[in-house]
Structure formats: C-alpha cells, structure tokens
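Before anything else, here is the set of structures, which you'll find just below.
Consider the two complexes below, in which chain A is the common component and chain B and chain C are the respective partners.
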Partner chain A sequence: MAGLEKTKKEKNFWEAVQEYFVELGKALAGGNITTKLSTVFMGLGHIFNYQYVKGILVFAIQALFVAYLFVTGIPNLSKFDTLGTVKREAVFDPLTLQNTVNDYDNSFMILLSSVSTIFIIILFVLFWIANIKNIYKIQKKRSLNKHVNSIKEDIKDLVGKKFHLTLLSLPVLGVILMNIIPILILIAVAFTNYDQNHMPPNELFTWIGFRNFVKLFGGSVSSSFGYAFRKVLNWTFVWAFLATFTTFIGGILMAQLINSTVIKYKRFWRSLFVISIAVPQFVTLLLVRNFFADSGIVNSICASCGITKFLQDMGLVSRSITYIPFLTSPNWAKFMIVMINIWVGIPYQMLIATGVLMNIPKDQIEAAKIDRASPFQIFRNITLPYILFIQGPALISDFVRNINNFGVIYLLTQDVYVTTDQALANAHAKEVDLLVTWLFRLTQEYYDYKMASVIGIIVFIICSVFTIISFTRVMAGDREETYQ
Partner chain B sequence: MKRKFLSIVLASAMTLVAMTGCGNPDVATDPADMEMAAPEESGAAAPEVAADSADAIQNLINNTSGTVDLTLWTSEEDQEFTQKVLEDFKSLYPDVSFNITLGAESESTVKDTVLSDVEAAADVYTFAHDQINDLVNAGALQEIAKTYTFDVASANIDTSVEAASLGGKLYAYPMTADNGYFMFYDSSVIKDPSSLENMIADAKAANKKIAIQFNNGWYLYSFFKAVGLDATLNDDGKTNSCNWDAEGGTDVCQTILDLVNTGVVVNMDDGTTVTGIQDGVVCAAVNGIWNAQVAAEAWGDSYEAAKLPTVKIGDKDCQLSSYSGFKLVGVNPHSKNVGWAMLLAEYLTSEAVQTARFQARNLGPSNINAAASPEVQSDKAIAALAAQAPYSTPQVIGGNFWAPAETLGQILASGNPDGTDLQKLLNTAVEGITAPVSE
Partner chain C sequence: MAKKRRSPRISRSTKALRNMRVKRRIAKIFYPILLAILAAIWLIPILWLVVTAFSGYKGINISHFFPETWSFKNFGIILFQPDSVVQYMTWFKNTLIIATFTCIISTMFVIMVSYAFSCMRFRGRKGLMTLSLILNMFPGVLSMIAVYFILKSLGLTNSHLGMIIVYSASSGLGYLIVKGYMDTIPISLRESARIEGANEFVTMTKVIIPICKPIIVYQIIFSFLIPWGDFVLAKLMLNSGLSKDWTVAIGLYNMLDKSLINKYFSIFCAGGLIISVPISILFVMMQKFYIEGVSGGANKA
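Now for the complex of A and B:
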C-alpha cells in the first residue's frame, strides 16, 4: 500500500511541474502584444490593464534586481570560478600614518555573494514566470469582461483569502537566509582549500575539487585523518546509542519507581530531581569535571579508603599512577562520560516518562491485574510498549541530538583529556571526540575550515537520514490505530 | 642574547635609576608640549626620535576630524589598570576627541577571537607572543614600520623585540617580559633547589609533591632542550623542525618516566597546581608568574623562586631549559584609525606605563629602564626569570607542535602504559610536530 501511495505522490509532483511549464508556454504563446512585451518590461502588462500601482511595484522590483545584478551580482559571479585572484596588499605611509590598500578580492565574500546571487536569480525567475502568468490571466479575464482585482483588493486578499501566503513568507525567508544559504556555503567550502594558510581577507582560497574528501576517506599515508575519522565516527555512534538508551530506560525506571505505591512523598522526590534540572547543565558538568580530576576530590577519597588500590589489584588502573584516571584515560573517560550523562539526563527523561505513565489506560492494567499478571509482566507487556509507542519519535530525535551532543563531551573533556593515541593527536582528534567536537576543534584551534566542512556535511547526512527515518517510519500517520 | 640582556639590565640599573622616576606621565596640555615630553620619556632612545615624527603626529592631529573610535582588548585582570591609562592617553591629545572602547579578551587565546573575523577585531589588542606567527600569517598585525614617541626596538630588551618580530620585521610592541616559566618552592620543605634529585629527596621526606606539567608541550620542551634537542618554527612561519627523535631523546623519555615513577613529581595542570599549593600538597612547582602570587600567599615567608633545577638525564646533570614569554601589544591593520591605534599601542608600552603596570599589577616590564628599577629587581619571581634567562629561548612554534607534544607528555606522565618503544613514540610525535600545515 505504502509503495503505491508513494508513486502516486511522486507522479503528482512531476505532473505539477509539467503543468507549471505548460501554463507558462500557454501564456507566452497566447498572450497579446502587451503580455509579450511584459517579458522584457515586466510591469507593462499591469499598466496597460490600468493596474498602475501594481505595475510600478513590479517595475521597481525589476529595476532593483537589475541594479543588484550589475553592482554586486555579476562582479562576484564572474570571479566564482577562481574565487578571486588579487591578494590584499597594504602600504603604510609613515608620514600620514595611514594604510593604502589595493582593490583586493575576498574569497569568502565572493563565495557568499555568488551563492546569494544565484539564489536571488532563481527567486527572480520564479517571480518573472508568476508575473507573466498573472498578466496572461488578467488579459483573459478582460477579454471575457470579468472583474479584475484592484490593488486594494489584492492587499485585502493577502490578509484574508490568501493569508497563508502572508503567514508563510516570513518563515520561508528565514529558512532560506538562516539555513539554506549557510548550508550551501558549508557544502561549497568543503570543495575549497579554506584553511589556516588561506584565510580571507589577507589570503585567497580556491576550488580544489574532491581532495578534502579523499583526505578524510582515503586514509592516505601522509595524513592520519582517515584513521581518526573512522575512530571518531565509531565512538559517535556508540555514544549516541548508549546515551539515548541509558537515559531513556533510566528515566522510565525512575518514574515507575516514584509512581509505585510503596514510595511515599512522591512530590518531594519528583521536585528533588527537577531541582537538578534547574541548575544549568554546564555548571553541573564543569563541577563534575573538577570532582573527577586526577587530583580531584573523588580521587582523594578513593585513595584514602583504598578503592584506588583495589582497582589497581583488579588491573583496572595502571600501577604506575597513583590516581584513578576518571577523565584522562580513554576507556575510563568513555565510561565516565556515559555515567555522568545518565546522571544529568535522567531527570528530563523521568519527567517525560511520568507524563506518559500517568496517561496509560488504567483499564488495561486493571485487566492484567485481574489476570494475575506480575508487576514485571505488566511493565513488559503494557507499560513499555505504550511508552515506546508514544516516545518512539522522540527517542530517534534524541539519538540525533546525542550524535551532536556537543556540551557534555566538550565540557567534560576540554583541557582535561589528553589523547595517548599519537595518530589521533596528529589529526587533532581525541578518543572521546564526537564528530562535532572534532569539527569544533578543527575550526576553533586550527582554522581548518575545509576539513570541518567535510565533517559537517557527513554529520548533516547522518542526522538527515535518522530524522527522515523517524518522520516516515515511526510517525507514519496511520499508526494511531495500531496501538491496542 | 640573554647574557647581553642581563648585562644591559645591570648596567642600566646603575646609571638610569634616577631617570626612571621621571617617566611619570605629566599631563601635557598641548601637542607641542607632548612632542617635547615624548623623547625624554624614552631616555636613551632620544636621538632616534627625529623631528619628522613630531611633524607626523601634528599632521595626524590636523587631519583628524570628528571622533576617533578605537577598540582595545586587554586581559580581564588588566581592565581596571588600562582604564586609568586610557584617560592619561586621551589627555595627551586634548584637541582630539576619542571614543575608546575597552574589551576583555584573554591574552593567551586572543588569536582565536581575532582570526575568526580579522576585520571585526579590536584596533589594538594585547597578546602572548607565541601567537605572533599565526597573527602575522593571517594579516592581523600591522607592521611597525616606524615609531613616533620612542624607539621601540632600542627601548626594550633584545629578546622581547626578537619575540615581537617575524622575518626581520617588527610586528608588535613589547609590553611585559615575564610570560615564561621558572620554579617557585616552599623553602621550609625544599632545602636545595638546584637539582631535581635533591628536591625529590626533600619533598619525599615531607610527603609532598612537586608539580610539573608534562602533558603540555610548553613545559615538556624544557626537558628535551636540556640535552640540546630542539623544536623550532621554520622560515615559512607555519611548519616546524624538531629533532626530539635524535640520539638522547629516549634518555629524556626515560628520565621523565623515572621522575613520575617516584610518585613525588606529579603531572599537574595549572588549576590542579593552584589547588595543590593551597591544600599544602605541592611544595614546589614549575610554573609562571600568573600562579606565583598564589604560592606567595600560601607559603608566606618561605616562598622562594629560582631558576629551574638540573636533572640527571642519561648519566649527565643537565640544566632544564625553558621557554621565555612576552606579552605584546598589536595593531590591527584593518583598523580605520591605524595611526591613532599605533600611537595608543606605543603609549601602552611606554616606559612610564610599563613602570606603572609593574606597580599596579606586578607584571615584569620589557622596557630596559623600567626593568632596571630596584623594585623590579627585588621581585623574587622576576629575579628567578632573570636567572633562568640564559637557559631560555623565546617560544616561537607552529600550531602542529601542541597536540603531538601533549600526547607524548601524557603517555610519559601516565607511565607509558602500553609499553611502547620509546624511540617509536618519539618518531610518531616528531612526525606529527613536523607535519605540513594542510597541503
């Protein structure tokens, strides 16, 4: 069924595209002389049809577009293939104490303006097509002696019948400016050599094709990037899985425990956990990082009561050190990060789970009790499936969020964790790094924007895949009835 | 270089004591007064400042219309002091209206902020000198082709000028000369600070620790340099040369392993060292002036500072080396008021302000005359830095040095848990340190 539905939808989309261009063809073929002239002088059709204000507005938009094209659009687009050739040079005049700077190219500005210009051109073409169709429509209406909207009526429509257009235009503009253009820039940078040696405005950067991708995936002898990438990606997935499921299960168990009849003062316990949410997470994390430092309070307690020695006897702590390397040796650090994340993450999950638990249909549980089901059986067969059903989509988005969980990893390990894997160190990565924290270090400390962009694209792809899965599979509209 | 600096300091201490007191920035009421006052301020450097400098400043004043907007970044701790100095600067030029915004940026990491958007960065900023090569490569420092109120190159100690230059060109104004490391210790515990072996014996007897940060390339360097193995920046200003893997390198590694194995010498970062000193666990630390104050307060009268000790590497007693460090003032070439920015930077690093900075903030001046004053000379930490000076080099190294050196130090400080062959460790570290800065 689902497959059939999909092809039907796709067909609709292609049909719509086809229709769109057929309409344009009709308008161009069937238009009278003013409609045809409007392809060049865009407001003309409106003015001939006595829509003066609209005509002038359309002319103004066309003029703005042409002006933009000539002032910044074309000059930047013409350099798009090289991203600039003139390096910045400044000459200091010791007598006037002024710098004379040549007319230099800024590769990043060229890239940014070019991408924006391409976007503006596309938007303008869409506007141009809409305009032609509109004029053709008016022409037909006139020939049939039908009513043509005045500008006042058009504006009225925008807050009335076509209010959805008004409402949507701002968010769409926001998405284009804040999301789409930056993502396109990010993708573009991945194909350039924008790094510490090529930093605008002082230096130029240029296109280098797929070399960065080869560096990351190829794992050539000269760079340890490939090795680091595999290790980091691996840990990113392990972490996202552990972080999501430990807090999820922990939250349910905790909520279940507080909900159970044996516990008194339920509200007190619940608010106790909420208080821990009220403390900003980064404060908690930085404090915990200090607690678990090599010479922190936990270590001195462990040392004085013999735990350190016990762990050394067990072989979990090397004999050559006198402390437990909670956040400084790879395996300990990974273990501690997951544990600390459980600690800071459970209260949230507990609150959500409490809400869900309170909504479990009581009749089912009562029925189960009458059938003498044990509490575990009730949990396994009623409570858990119910929670999973409700929280399934949230679980997947949690997974995606944990892939990008910058805060926990960065705050717990920055300045504390030093990798002992020399190949990782040579690629500026650490065992405990997620793709995002590695990306952050590459940009923030090594200005390696090109490699960071490549990693950014990969993070983007991974996150999109999981988000799409969660939206199509888990949240499919017809699932509502499946839960029984 | 270092010896020359010392002799200059000593010589000028005798002759110029009287002059340093005169550096007080008397408020000049008109530009003409200022021009006269300026050469005097720089003492010995007077002949270098020719009349055309005064002309140029007058020219600049005449050509300045409207308010001069400048942004200045200094460290969080320097804000109060700098605010006062800025008022003095403004009163030097009563005909010009300034709007100077003071911002706080850590000197050790200001590069990160500046490089993320050079054009939006401050017109004038202070920074630790190790960032100079990255800043120059990114075009974030104005070359100081000419100075106006005093001659920067001759007024400051040679090493500081060297640290402020790249490829023979001066790019910044030296401000302090105390940003290197030395050793401070509790003299009630440590009787003989001259050799690390004796120190360990003393500390062991008192059941206390000695803090050295091995997992930081900055400190790790001192052990390798002690046997003559070096890590330096290449002429391209980006990549490094390093011969730590040469003969003797494995001895250095073994020494560090042995030191850590005593349980007395402990790998501690800055924060842990400070808490260790306050808790009374640490009785000696290899660290910088920024933490010396904490130790002075914690240990009271028994606080002492000295040059780094010797340590037995292989079968020889070797004097530990160190990186010397300087704080510099840089001018952003993208500034709209480069001229005024340069004059402000000159003022911030002038002898008078350097002296005032020492009095207010206890920061060791790089200005020769200011450094020669008896107060400066009697400061324990600054004296220790001077004693360490012959065994130190200005730290200039490319970015690829840090991560591999840090990892090497971490492996050694944790006792080489995998038992990797020491030569192999060094080979991989050197490969990372000398790696090309992205092809």
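Now for the complex of A and C:
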C-alpha cells in the first residue's frame, strides 16, 4: 500500500480541483437521459438502475434539504442583508393577563442560520456533484456489463474500503460546528453594531461596514480604542517573546543541569519540578497571586526584612506606599507575570528538552570532548543547534500559544490589577492585558461584541501568519535527514 | 550507527587533566546546591498550599508562612458542610460527569481520525491533514465568543451537555501523537489481517487498537484532565451564577472573590489540594508518554 502511494505522483492542489470539475463535466455531457434527469430528481438514476433503497435514501436527503430551505433557510437568508427589521414588542393583553409578543426578528439567530444555511447549501452542492458522478459511473459500468454494487455491498464498503468515511464523518462534523462556523460568525459580527445597546432579542443589530475597524485603527480623538489597541498589541508581542524564550532557554538549562553527570537521583529531582506543574494551573496561579498580594505574605516578610525599604531607597517602589506593588503597578506587574510564567513554564520545557536531549547524537559530543571543547562550547555549538533544529517549529507554535496565553494573565491580574490610565480604562483595557484577555473582558463584562470580534480577527491574522511560517517549516520536507 | 571515534592514541596532558578535575569537583559541590535552591523555589508555593489547607483558620494568614494552629477542619467543611459558597461535592460530581463523557468521546474521535489518517489511503487525505494541522494551531480561546453564542441559541449554556460538546467536539484535531504511534506499526500486520478476511473495522478494533494501548492510555488521561484544568471555557459557558452548575475550577475561583477571600482562602487551599492529588498522579503517569510523544512527534514532523 505504501509502495503504491509512492509510485503515484503527488498531484498538486489545482490539478486536483481541475480534475474534479472535468469529471463533473464528463458526467453531465456523457450521461444518458436518467443521469441527466437525476440532476433534478436525485434518486432517479439509482432507481432506474434497480438500486431502490439507495435511490430512496438519496431522494430523502434531497427532500430534507428542500424542506430545510423553505422552512428556515430562505426566510433567514432573505433577511441576511438587514439582519431583521421587526423589533420585539410586548403588548399586555388585559383579557389573558399576559404579555403577547409580536413576531419579531432576532438578529443573531438570523446571522447564525444564514451562515449555517450557506454551509448546508455548499455541502449539498458537493453531495449533488458526487451523486451525479456516481450515477454516471454506474451507467458506464452497466453499459460494459460490469458488476454494480448492491446496497448491501455499499454498506459493507463503509466498514471496508470506504471505512474512512465512517471514521471521519463525526469528528469532521464536530470541527465544522465548533471551529469553522464560530470563526465565520466571529468574522461576520465584526462588521455589525452588536453591543450592549443592540442586544437581541430585545434590540436589533445590523451591518455597519468597516466602522469598527476604523474605530480600532484610526486614532481619532473621540475613541480611546486606537490608543489602547496599540498599547495592548505592543505588550502582547513583548510578552509572547519574553515568555517563549525565557521558558525555552530555562528549560534546556534545567534539563542540562539535571542530566549532568555529577547529579545523582535524576528521576527524583525531575519529579520535584513536575509536582509544581501537576497541580492544576488555576490553583497554583490563584495561589501565587495571593502570595504576592499587596497585603500578602511576601509583602509582610519583605517589610520585616527591610527589603521594602531597600527597594524604596533604590527608587523601585514609590515612597507613598508601604508595600511592594508586585501585581498592582504596571512595571512590577509585567515583571512578575513574566517571572511567574517562568515558574510555570520551565518544568514543561524541561520535560520536552529532556526528551530531545536523550536523542542527541552522542558521537558528536564525544568527538568534541576529545578535541577538548569546553562544556560551554559543546552546548553552544552542538547541543543548542540540535535542540533548535528539532524544536524550531514548536518554538513558533509556543509563541502563538503565548500570544493567546489567557490563563496566566487573567488569573494573575483579574480583580487585582486596576489601571490608572484613563484612556485605557475608557476602552476597558489594562496595561497588562493581552489581546485575548481584553477581548474576553469586552464580551464578559461590557457586552461589546463588535469590538471583541474585531480584536478576534486581528489576533486570528497574527496567529495565522506565524502558523503559516511554522507550517511551511514543518512541511519543508527533507530537512529531517540533516541529523540522520 | 554510532561510530566510536575515540582513539587511544590521543593523550591528554596531565595539567589539563588536573584542571578538569578541579572543575569537576566544583561542579560536584555547586550543581547539587543550585538544583536544591531551584527545587525550593519551585516547591515553596506548593508547600504553602499544603500547610494553609491544614491550618486552623478559614481566611488568609498574611504574617506567617506556617499556620499557628493546625486542623482538618477545612477538609471537613469542603466535604461535608456545603453552604451557599462551597458546594464542593456538587462541583466535583459535575466535573466528573463532564470529564468522563469528554474523555470517552474525544478518545474515540482521536482513535478514529488517527486510524483513518494513518492506516487508510484515500483521496484528499493529505489535504485534510494539512487543514486540520492549521486549524489545530488556532487557539480555541479565539472563537469562544461565537461558540458561546451558538450554544446559547441552542439553550446549552449552563448544562453538562454543552460543556461536553465544547470540550470534545473538535477533539479530533488532536490526533498527531496517536497517529505518530500508529505509523510505527508494520503494514504487514494489517495486510495479514486482510488476507484472513478481516475488514477495516475488524482490523482496527482487533489488531491496531490492542497494539496502541499505551498511547491510548495517554490519550484517555489527557482528555480526562482537560475539564479539571480548564478555566476559560467553563467561566464563559457556566455563567448563570448558580453555584450548583459550576465545575471545580469555577467554584474555587469564586471563593477568592474580594468579599469572600478572608473567609474562604484556607478552604480554597484544601479544595485545590483535594483535586491536585489525583490529577498529579494521573499527570505523572502521563508524563512518560508526554516526553516520548513530543520528542517522537518532533522527529517525525
């Protein structure tokens, strides 16, 4: 099987698409009258070829689709351009002593159903094409007097030759529902005025074009969003860079330290560090947050040891306060977040680096030792390049993950950190916010879905750029033989 | 494969040798001390969690690291005396239900996808794999508002079913490690099964899955742990404010609310400790596979 795949030349994407439509064209041109009729009544081709069960099934799918279109598809799609015009109104009915509600439009439901309808139409078209091709195939087989599969054989195929269809259908459906449709909705909401003043079902929202994007990018005086966006974006990148590299380098160094020949009981030491990541992150982070609270235990210890006073003399802590503002002043908070992230992240990276270090080519290191390379030289010229080679793509995806590292920032600063920058506060942002935590606060506390979606799209674009870089590197192919 | 290039002819000068020995002696003393200091830094917060959980008061002690009075009272409150804030057993039950179903569904999804991608050849396989790799790199946090809207319109927020869907629906994307493991199984095994007359379904259940047991154990533990550690999605989806709907993570987070922290901090520690013990054990079990999976996956890429 593997051999067969190798001999077949890999088709590129456009050739495959071309072939797909050429086949369709052939089927439409070369089909006989039943094949042509089944472009309208989809089961006909099967029924004329004595595949009654299959024909009825296909016809049922078509009927369901048409019914869906008329019941929910078309009514919603027709309102897609305005997202609804009839506002919800409740009228008190004195006879029944109840409120009667008019037949109102729910903008969000219209948006959601429209997107799903478009999706279903696309799926149906694909199904329709596959059906035509299938019928044409049967017609050709019949004219050559070849065997045509019965329904029993078709079902058998679903656990045999075509088992992948059975296997993949549910997971793919899940991904469409929970990944693809949400992403499409997110994109759509960014072009509407969906916010606190336009909340369905009581209010309607509608399309407003690029106004939200202008609000975010244009530094107009009226909105502080532009200012907040630049600040938050800046910190997001600084954070992602610092978080990725400190933990990466730290993890390698720690793995090296534990692997060093003078250390005994390696497993014991390793598990000591693993304990700290085995405890769920939200527990440790919330704990550490109280550990470093303004009136927390570290502060009382620092005060009694005179560290607070020392820092005040150094000018690192303002004299007007009697504590170290670990998580409450902008610069201290940023510093502490990075440090705490090192604490959280190094054990993970240490585990990964340990795994990578185990596979490092020993002969190169031995050769270097014979040539009297110092341990640092060996690390610098052999170990590090090797790890970077293996971990390069993972490093980029770590960077992307850190851009979206919601947990660390949110758990450490939510309810604790209060911004003093009025412009930031107007946009509901804080100095320590990442784009994602800002987005989360906008939706959770201020119901500003339109701006949150715009931020979501931007994060999305940033992530995709880095993902594609990482992906092309992963797929670059024959690189793997460098170390073989 | 590994060529022994060491040659006996190379002799080191005694001076360099002595120099090395001194360095080694320094390392012998210095490295363990450094490691012990690092270990202490990493364990102090965990130690604080443990001692606070066993302290004799409910709130937060800001002047002493070790409590002055010790007791099991906090555990008693958590396990046997639920009040309006602490409903630990209910949360535990909720999380357990969600985790169990998530675990079953995602493990099945992952095995199904891995088998299809690893053991079968069909049109569009490469394209689907590429697409899933790209989709998997996008963090779920991004589309979470839209997921929330969809579940809300289906009336599934604040329900177990909704949470299970959120955690497991797109789990098929995380197939890389299991597929990598399946890729190492010789084709001859599957071919002989086919000659014996087994169809793909039988080959999968009777031949491949038994061989993949260790990596499936990893997958089971991994997906079981997701709901216990997740905070973001649960916070978004379970927003009714009724503490009986919550998972452990949300419940514990709520205890640290400004108005509650002075009464509940030690109880938070006790609760955190209770779930940390089983999770740590599972995590350490998983750790072995984690190293192998990650380094193996990186090699294959």
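Quick note on the criterion: the second predicted complex is superposed on the first by the 462 of 484 C-alpha atoms of A that agree within 3 Å, B and C clash if a C-alpha of one lies under 4 Å from a C-alpha of the other, contacts with A are read in each partner's own complex, and residues count from 1 in each chain.
Here, contacts are C-beta pairs under 8 Å (C-beta built on N, C-alpha and C of every residue); 3 or more make two chains touch, one makes a residue touch a chain.
As the structure is a computational prediction, the values presented were derived from the model and not from experiment.
Residue contacts after overlaying the shared chain place A:Ser276 against chain C, while chain B stays out of touching range. Touched residues of chain A, counted separately for chain B and chain C, are more numerous for C.
In the superposed model, A:Ser295 makes contact with both chain B and chain C.
Once the two complexes are overlaid on the shared chain, A:Tyr104 sits clear of chain B and of chain C alike.
Of the two partner chains placed around the shared chain by superposition, chain B is the only one that A:Ala425 touches, whereas chain C remains out of contact. By the touch criterion defined above, A:Asp363 reaches chain C but does not reach chain B.
Once chain A of one complex is fitted onto chain A of the other, the partner contacts of A:Asp415 extend to both chain B and chain C. After overlaying the two complexes on the shared chain, residue contacts for A:Leu177 are found with chain C alone; chain B is out of touch. In the superposition on chain A, A:Gln444 contacts both chain B and chain C.
Applying the stated touch rule to the two superposed structures, the overlap between the chain B and chain C interfaces on chain A comprises residues 290, 293, 295, 415, 444. Interface of chain A with chain B (complex): residues 88, 90, 92, 94-99, 193, 195-197, 199, 201-203, 222, 290, 293-295, 318, 320-322, 325, 328-329, 415-416, 418-426, 428, 444-448, 450-451.
Contact residues on chain A toward chain C in their complex (touch as defined above): 1-2, 4-5, 10, 13, 16, 108-109, 112, 156, 159-164, 166-168, 170-172, 174-175, 177-183, 185-186, 189, 254, 257-258, 260, 262-263, 269, 271-284, 286-288, 290-291, 293, 295-297, 299-301, 343, 347, 351-352, 354-356, 358-359, 361-363, 366-367, 370, 372, 390-391, 393-394, 397, 400-401, 404, 406-407, 410-411, 415, 436, 439-440, 443-444, 449, 452-453, 456, 459-460, 463-464, 467-468, 470-471, 474-475, 480.
If you check the complex, the residues on chain B that touch chain A are 52, 55-56, 59-60, 63, 112, 115, 118-119, 134, 137-140, 142-143, 145-146, 148, 215, 238, 260-261, 263, 266-269, 271-272, 275-276, 281, 333-334, 338-340, 342-343, 399, 403-404, 406-411, 414-418, 425, 428-429, 431-432, 435-439.
Listed in rising order, the residues of chain C touching chain A in the complex are 2-7, 10, 12, 16, 24, 27-28, 31-32, 34-35, 38-39, 41-43, 45-46, 48-49, 60-65, 109, 112-113, 115-116, 120-122, 125-128, 130, 132-135, 137-150, 153, 165-166, 168-173, 187, 191, 199-202, 204, 228-229, 231-232, 235-236, 239, 249, 252-253, 256-258, 261, 265, 268-269, 272, 275-276, 279-280, 283-284, 287, 290-292, 294-295, 298-299, 301.
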